[in-house]
Structure formats: C-alpha cells, structure tokens
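In what follows, chain A forms one complex with chain B and a second complex with chain C.
Right after this comes the complex of A and B.
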C-alpha cells in the first residue's frame, strides 16, 4: 500500500516536470549543443558534409575577406557597448536618481521613460529611420528651424554617423530599463542610512558617490551584464536601420548581422553557408559566455566588499 | 545640465535649486521620450505634403485616409491576427508548463529538484539567437517551417526559464497549512494543486504573463527566419514589408506604425505598474 502511494506521488511529480523539461531539451539544449557540433562540419546548402575540424574557425578568423569583416564587425560591437554604457546605463542612473526624489510629477516621468521600452524594435527602427531622413526627417527639419541648418546631415548615409544614429535610437528605446532597475535599487536603500548621511554632509555628490552608488551595486551588476550580452547580440536595430549589408560601406556591420549574412545569405549573394556561420555563432557565444561570467563575478565581488 | 555647483550651506534656496534642476532634467527627458510618439501619431493623420511642411503641427484628426488604406488595403488585420494567435497560444503554453514545473520544484521534495531548477535557470542566460542554424534545420526536419507552431515552440522554450524562476519563487512563499489540511481530508495531489494552490498563484501568473507577452508580441527575429508566407507573418514582420511597399508614402507608414503601437501604448498606460514590474522582474531582486 505504502509503495504504491509512493510511486503514485512520483508519477505525479514526473507528469508535472517532464513535459516542460522535454520542451527545453528539444528547443533549447539540443539546438545549442548542435550549434557547437555544426561548426566542425562542411556544409553543402542545408546538407551536412564532411568533418573538417577547425577549418571553419580558421576561415572566419584568419582568411580574407572573412577575417576583415569579422574584425570590422567586432570593433563596431565594442563601440556599441561603450556608447550604450554612457547613453543608456549612465543616463539611466542619472534619471533614476532624479525620479528617486519623488518630486511632483515623478509618477508621470516614470511612466514616460519606460514607454518606448514596450514598443517593438521594428516600430522604433522605422520611426527613427523616417526621423533621420536627410531631407524630410524631423531631426534635420528641427535643426534648420532652430537656425542650426549647418548641423543637418545625412545621419544614416555617411560612415561617420550611421552607427551612432543606431546607438542613439537604441538608447531612446531602452533607457527606461536601466532607469527603473536602478530606481528599484535606490528605493531599497534603508532610510536610516540616508538620514545618517544627511547629518554628515549636504553635498549631493558625496552622497551619490559614497552611499548611493555602492548600495545600488546589485542593480549595476544586472544592468551592465545585460547590456554586455545585448551589445554583442546586437542584430534587429542594425538589420532594420542599416540593412543586412551594414550600409553604408559596412559602417553599421555588427557580429549579429555578419553571422546572419554568412548563415542565410545577403541580398547580393543569397547562398547559405552554414559552416562558417556556425563557427561565428560558436565564437560569439563563447565570447559572450566567458566575458559576461567574468564581468558578473567581478561586479559581484564589488557588491560584497561594501 | 552639469553647470550647477553645489555649495555646502544648507538652505531653502539650495534645495529649491537642486529640485529645480531635477525637474528640468525629468521634463526634458520625458519630452524626448514622448515627442517621437506624438509626432508619429500626428503624422498618421497627415498627407505627405503636410508631414514634410509642418511635422509638428496638430493634424486634422478627421483625415483617416492613410489609416483606412492600412486597415483595408493591406494585410495589416491579418498580421494583427497572426500576432495575436501566436502570442496568446505561446503564453497559454508557457504558463501551463511553467507552473507545472515550478509547482513540482517548489512544493515537493524529490531527488534532483535543485538540479532541475538550475537547468531551467541556465536557460535564462543562453542567447538562443546564436543557435538559429540548428533551430532552422530542426524546424525543417519537424516540418514546422512556415507554420505558426515554429514560433510558438521557440517562444515557449525562451519563455520557460524566466517563468519557472518567477513562479518557483512565488509558490515557495505560499503557506503549507491549506495544503496539509486538504491532504488530511484525503484530497488527491492533483486536486490540491488545481483547487487550492493555483487560485493563490494568479498574481505571479500576471507578472510572468506580461514579462513574456511583450517580447513575444514585439519579436522580429524568429519570424524573419521561420516565416516566408505573407499570410502567416506577424505584425512586426509585416511592418517591415510596408517599409518596402510604401517607402515614399509616409502618411501610410506612420499610420501603420501608429496602429501597431497604439494598442500596446494604451494597455501600458492602463497597466503601467504591472508592465514595469513584469518587464524588470528578472533584473530586480
């Protein structure tokens, strides 16, 4: 009697846990493990060919023109990461600090800053593409209207500003996220600590640097790590704003785009090339996994040392 | 913004100056956040000439030519329906499977429970986009390419980790007394879960639901890879086809953007607290 009840219970647990587990294995674990395996094979269209060892990796890292493009895209990812660190996380921290004050209207401003976050990247991309149009876009129309016509330029048409334009659009889209994560961190700071600080100093700067910044360290860890992962996974916005070839002249090419182009072909050469594509995916994956773990561990240590 | 210098004398004036600066920053930021959306909505009611001549002017809100063109002249309603079908089915499956797993992990002690939780949590950090080649081949082998099922499967897989994370945390906080009392009365485990525990889990389900709904509704990447047939395209994917078709008719483009954005914006304004809590749930401990 006891044993049947026990197996009944086990069956019930298995019935609960196995379907979700099976789903995860089929559509998450299996594809990721395969992604590693595929990189070591030659591919003929959609058919897997011979095992060729590290040849695909060698190709994307050291052979012209693949290597050139890999490096070009990688440098752009690094730029995107640092630019967003300032424009998204930096601005987000300042905004969080302002919202934390709970001045009149704070509720409205909090809702406003998060509004773009709920929009689709596609809407954001098309919106900013139209706004940045050299002749009819509101950005240049505004500049001309303010008498700053000399600053009006084809933002997305020239190498020097194309990637920055995409970064700015991304910052507009996502700045609400770090803002509200930082805000939640600040709201968790105990009022006793803040009262004690208020007795010690009147300087806002000292307060931010010595108390607020160290105490929101857990929020900073999350926000920095997520930005790192998304900066090196960057795909949708460059794809939609700069096109699959990273125009103009590869100025907006990033690893995600280059991977997509290699794997699924571009407009100009629509041939799948799953071998080098898989090798790129593995390299990006390892880079993100190793560095984001390192960043998390390093930032966590900062949290404990308080 | 940075020209303000702080003196160390406490006083009303200093406080007013500081708060004033904060208000200026917040108002400027809200203006930058909202102006593009307002211009987008205004432009939906304008002709090309009006958009180019006076982009900031109030439009004639009775001019719905462009909006009608999008609604009845394109596949927009179809894209909307597809997005709705895919998002609703995915969320139903995610919440069902996620709650099942979380319930088992949180309410029963069994060997491997911790390992299974860790397994789900590991999925939180995996960028599945990079496994798109094997996923593409898997979908082809399963015959799911160019079907809504391909999207639903992938969204369930990406949504489960956060859902299990949120639900396990919540279900663990529920008290044992009700459950034990029901067990004494001889209720079956399934009945305890369904009639006693699940009604208590609803708030966490709302959070998990919103957290999944927004990225699924907005996703562009997976439809781009899996869906070719125009009749199966989701809304974000459909919008990109308008960009090609109506590239020069900005009134129509802005109408398409407005029609896709407005339902989400209205819902967000009504449920802003739930949206914010849901979308930052993984990041805010």
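Right after this comes the complex of A and C.
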C-alpha cells in the first residue's frame, strides 16, 4: 500500500519535472555543448569542415591579430569590473545606508534610485549618447555654462574617456539594484543588535564597519557575483554606445563585442569566423563559470548566520 | 481501345509530371524591406512575360542578413533567389557551395557589364561569377546647394580652393563639414570620399601590381591631407556619431557631408526640401583628374539547390537586362550596374557621370579577405590620426604591417 503510493507520487513528481528538464536540456545544455563542439572544427561560413583540435583556441589566444584583440578586450572587461565595483556597488552601498538611516526625502529617493533600473538598456544608451554629445550634450553645455569649457570633451571619441563614459552610464542605469539588495540586507539586521551598539558607540563609521558591513555579507555575495558575471558578459551598452568594433580604435572593445564580431562578422570584418568565435565563447564561459563559483564559495565563507 | 487508354494514361502522366517543371513558385530574399512595393511591381512585370513563374518577396533585417541567409542555406531552407552582398560577402556563400555558378552562356546580357562590376560578384579562388551585379555606390562629397550659393562658392577645382571654400564657410558661421568619426566605419568612408583624387589611379595600379604598399608617399600624402581638412569638421567631431553627423547635414547646419552615394536617398527622406549636389573631392593640382571611390554593394543570385533552376535562370536574365535595370535605377534610386542605363534623377545621373573617373573604394574592395581587414586597420589608424595619436606615416605603416599577416604582396 505504502510503496504503491510512493511510486504514484514519484511518477507524479517525475511527470512534473521532466518537461522543464527536457526544455532546459534542449534550449540550454544542448546549445552550450554544441558550442563546445563547434570550437574544435574548421568553418567555411556556416558549413562545418574538418576537426582541427585546439587550433581555434590557439588562434584566439596566440595568433595575430586575434590574440591582440583578445587581450585588449579582456583588459577592458577587468577595468569594467573594478570600475563598476566602485561606481555601482560602492555607491549602491552608500545609497542603501542613507536610505536605511532614513535621511530626509528617503521615501522619494528609494523610488528615484531604482527608477533607471527599469529602463531598457537601449533607452539608457541613447540618453547617455545625447548627454555626452560633443555639440549639444548636457554635459558639455553645463561645463561651458559653468565657465569650465576647457573640460568639455568629445567624450565618446577619445580612447581615454570612451570606456569610462560607458561605465558611468552603466552605473547610473544599474546602481538601484545593489542599493535595493543592500537595503534589504540592512533591514534584516535585528534591532536588538543595533540598540546594543548604540550603547557602545555613536560613531557611524564604527557601526558600518563592525556591524552593518559584516551583517550584509549575504547581500554582498549576491551583488559581487552578479557584477562579476555581468562585467565579463558586458555587451549591450558598449554595442549601443561604441559600436560593434569598439570605437574609437578598440578602446571600448570588450569580450562580448569581440566574440559577436568574430562569430557573426561585422561591416568591417571579412565574414563570419565561426570557429574562433566559438572558441572565444567557450573561453569566456569557462572563465566566468570557474571564477564566479570560486568567488561565491569564498564570499560565502565570510557570511555570518544570524 | 486498350492501346488508347494506355497512351492516354501515359500522356496524362507525362503532363502531370511536366506541370510542376513549368509552373514554378520562387522565393526572393533581400535586406531591403523598404523596397517591397517596387519589387512586387517588378515581379508582376516578370510574371507577365513568364506566366508560369511567380516570385515571392521576403525581407530580413539588414545587419544580420548574411547570417540569416547563410544559416537558412546551410539548413536547406534557403530561398530560390536572393540579393547578395559583394566581395568577401559573396565568397562566404559561394565558397560553401550555396550559390548557382553563372556565366555568359547562361546569362548573355553579362557581356556588356564592366570588369569591376563582375569582379565584385566573382569568387577569387575559382574565378567564377555567382551573382548578377546589381548596383554600385560612390564615395564622394555631398553638398547643400543653397548654402554654397548663399556663400558664393562652387564645386572646388583644386585642394587649395577646397580649403578656401571651407574657410569662407567657417567665417560665415556655417559648419563646412557635418562629418563625425565616433562611429568606426565613418573613418573609412572619409578616406575614400576625400582623398581618392590625391592617391590617384597610378597609386592604385601600382598597389594592385604589388609594386608598392601603403607606405607609398602618395598614400601617406593623402592621409596627411585628410588630417588637414578635418580642421573643418565640427567641434569635437571625434566624439560625434554617424546619426548626429547625418542630422547636422540634413538640418542645414553644415554645408558638406563626405560619404557614400547611399546617403542621398536617406538625406532626401529626412529633409525633402534639401537641395543637394555632389562632387568628387579635388586633387592637389587643378589639372589632375578628380576621382571618386567606387564599389559594388549588391547582386542577384540563385540557390545552387533550387528546385526550379530554369525558372531561376530566367529571373536572373530578367534582372540583368536593361528594361529591369531602368526601373531598378529610377524607382529605387540605385546606380544600376547594368550598362547603358539612364537616370531620371539629375543627382543620380551626376553620380553615374562621376563614376567614369574613379578608383575602387580599396579598403572594402580589395582588403576585406583576411584578418585584420584593411577596414579594421584604416578605421583604427584614422581614429588615431584624428585624435593626434598617430602621424600619416604611422597610419600607412600600420596598414602595410597589419595586412602583411595575410596579403601576399606585402609579405617580406
């Protein structure tokens, strides 16, 4: 009696799990595995040729001009990661703290800070391109108006400022997300702990460093890991603001753009280069998968259970 | 009686099997959704002469067209007929064996086509033609006639005159050029549009013959002159993107736009009252020929595995003929590749006239067959040049050194 019931239940569970599992396999696992396989073949357009082992990997890592571009794009991804860590997560933490302490206007700002997150990336890109327009952009016009005309620059045309401009746009767009996550973490801190601290010290800095920061560690884990993944998958904003070639002269090139351009071709490239493109995709995937797992494990260790 | 039944059955049978061979439904793919109405008109016209063949129009998004097309062809679901790109763009399709090889016996009208037109749709490795060349594009200077008249300037005859006109416009508070170079490929178009005459035909011929490289003083001088004239581009033009540059010209804020003839239709659409003219940027001396940069951008091809190859060939013969080309030129504002076409639009007629003195838009035509492409290199080089991070000599050197990775004549 008991066993039959269990079998029926198991069947029922299996019936529920199988369709989504099949779906995942078909649309997630299979494409990833086939991309792995593609990377080991030679390609003529979209027609598969010979099995060539690791030649595609060798090409993107060690052969001119691919290797140069790989390194260039990778360095930019690293820059994006650290810059966003400060501008997005750092500022997000500060904003969350201000909101949590209910500074004047906190209710309004809670919404205002999160608002850009709901905007589509395309809108954000166009908005910032207009902000940074060399002739009519708000940024340059304001600088000129303040008598700081010498600071007005063609932001998106100089290799020194182009990538930073994109990073700032991204931070503006997404800062609400870490703010929200940190705020939720702060609101979970029990009031007893805070009351106890208040008896010890009045210093906000000590409170933040000794109590708040350690106790929002789970939020930090989520936010850092997601930032890592998105910084190395960075694509939409550079694509929309710098173009697929990472204009000017590769200064805004990141791995995502470089992969896209290599695999599918661009106006200035010869044609599709599916082999090296797949090899790049595999390398990016492995890099993100391995490092983000490591980061998650490491960050988990420092979390404190309340 | 029995005999009659058998022969009747045979006749019916052969008729039935013959029918599908005559009546053919072909599909035609292109990236030009905006031309749908005109193409359907062309197809109706074609159907009048060939009542048993119908052609269906399907369009796909332009930037991913080649990817969509090659994916479909690889999967066996491609169209019978298609618009193709040129040069490297056709080689990726033809090289995979997706396209029907063509020649002058299959399409007699190809006889009169120009050599560069046919070369644009020919695969270099087997010297075989895979598409009927459709249209050419010209790199030149587009100008606002009203602004030119108001400031008392005309099409420049020499480089000095060109600079003087720019100076005059600037003094009058008009931006001489609308061009911006934040969008990568705009750094390539301005080279061909502004400096083809300075490079000269002899340089191009020597380059193709393997007698010289991009370190040639004629090329370096041309790049230097580009830097010189960029003083008349808008303030902060290195941060100005393509769309903004177009708007500066169409809104009448700037007098000239150095670019491709493909701009003309979209400029006219953005501002229908704009009175435009075109000229070839002059050379240093008055008596030197004024050259435009020329390339072919599209062709008509058939699927190698189409079910109705005869019908597809009939269609390709139709698009290679003057009657279609005339409508293709006038209804769709194309500079048709078919010889002897005349143009209703004076602007297009002028472009076709300028095409008679041209050199190819070389970074696209000759140097997009390997990595890094000439386009990659010139775009990066010119961006550095205009940013003050490279000299013209360094631009030429980076082109030569970069291309030597795959371009045999540059290998040492």
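Criterion: the second predicted complex is superposed on the first by the 285 of 306 C-alpha atoms of A that agree within 3 Å, B and C clash if a C-alpha of one lies under 4 Å from a C-alpha of the other, contacts with A are read in each partner's own complex, and residues count from 1 in each chain.
Criterion: contacts are C-beta pairs under 8 Å (C-beta built on N, C-alpha and C of every residue); 3 or more make two chains touch, one makes a residue touch a chain.
Remember, it's a predicted structure, so these values are computed and weren't measured experimentally.
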- Give one of first, second, both or neither to describe whether A:233 is in contact with chain B, with chain C, with both, or with none. first
- Task: Figure out whether A:264 sits in contact with chain B (first) or chain C (second), or with both, or with neither.
- Result: both
- With the two complexes superposed on chain A, say which partner A:243 touches: chain B (first), chain C (second), both, or neither. second
- Task: May I ask you to decide whether A:101 touches chain B, chain C, both, or neither, giving the answer as first, second, both or neither?
- Result: first
- Item | First (chain B), second (chain C), both or neither touched by A:90 | neither
- Item | chain A residues touched - chain C or chain B, whichever exceeds | B
- Item | Partner chain(s) touched by A:205 [first = chain B, second = chain C, both, neither] | first
- Query: A:156 contacts which: chain B (first), chain C (second), both, neither?
  - Reply: second
- When the two structures are overlaid on chain A, which partner does A:30 contact: first (chain B), second (chain C), both, or neither? first
- Query: Looking at the overlay, what does A:134 touch: chain B (first), chain C (second), both, or neither?
  - Reply: second
- Show which residues of chain A both chain B and chain C reach, each in its own complex. 46, 129, 135, 264
- Message: Under the stated contact criterion, what part of chain B meets chain A in this complex?
- Response: 6, 8-10, 14, 18-19, 22-23, 25-27, 29-30, 32-34, 36-37, 39-40, 51-52, 55-56, 97-98, 100-101, 103-105, 108, 110, 116, 119-120, 123, 125-135, 137-138, 140, 153-154, 156-158, 160-161, 164, 189-190, 214, 217-221, 225, 235-237, 239-240, 243, 250, 253-254, 257, 260-261, 264-265, 268-269, 272, 275-276, 279-280, 283-285
- Note on the structure: Touching chain B in the complex, chain A uses residues 9-10, 12-13, 16-17, 19-21, 23-24, 26-28, 30-32, 34-35, 38, 46, 94-95, 98-99, 101, 103, 105-106, 108-123, 126-131, 135-136, 138, 141, 172, 176-177, 180-181, 184-185, 201-205, 218-219, 222-223, 226, 229, 233, 235-236, 240, 256, 259, 263-264, 274, 277-278, 281-282, 284-285, 288-289, 292
- Can you name the residues of chain C that touch chain A in the complex? 63-64, 66-67, 70-71, 73-74, 88-89, 91-93, 95-98, 180-185, 188, 234-241, 244, 368-373, 375-376, 379-381, 383-384, 387, 389, 402, 405
- Query: Which of the residues in chain A come into contact with chain C in the complex?
  - Reply: 44-47, 64-66, 129, 132-135, 140, 152-159, 243-250, 264-265, 267-273
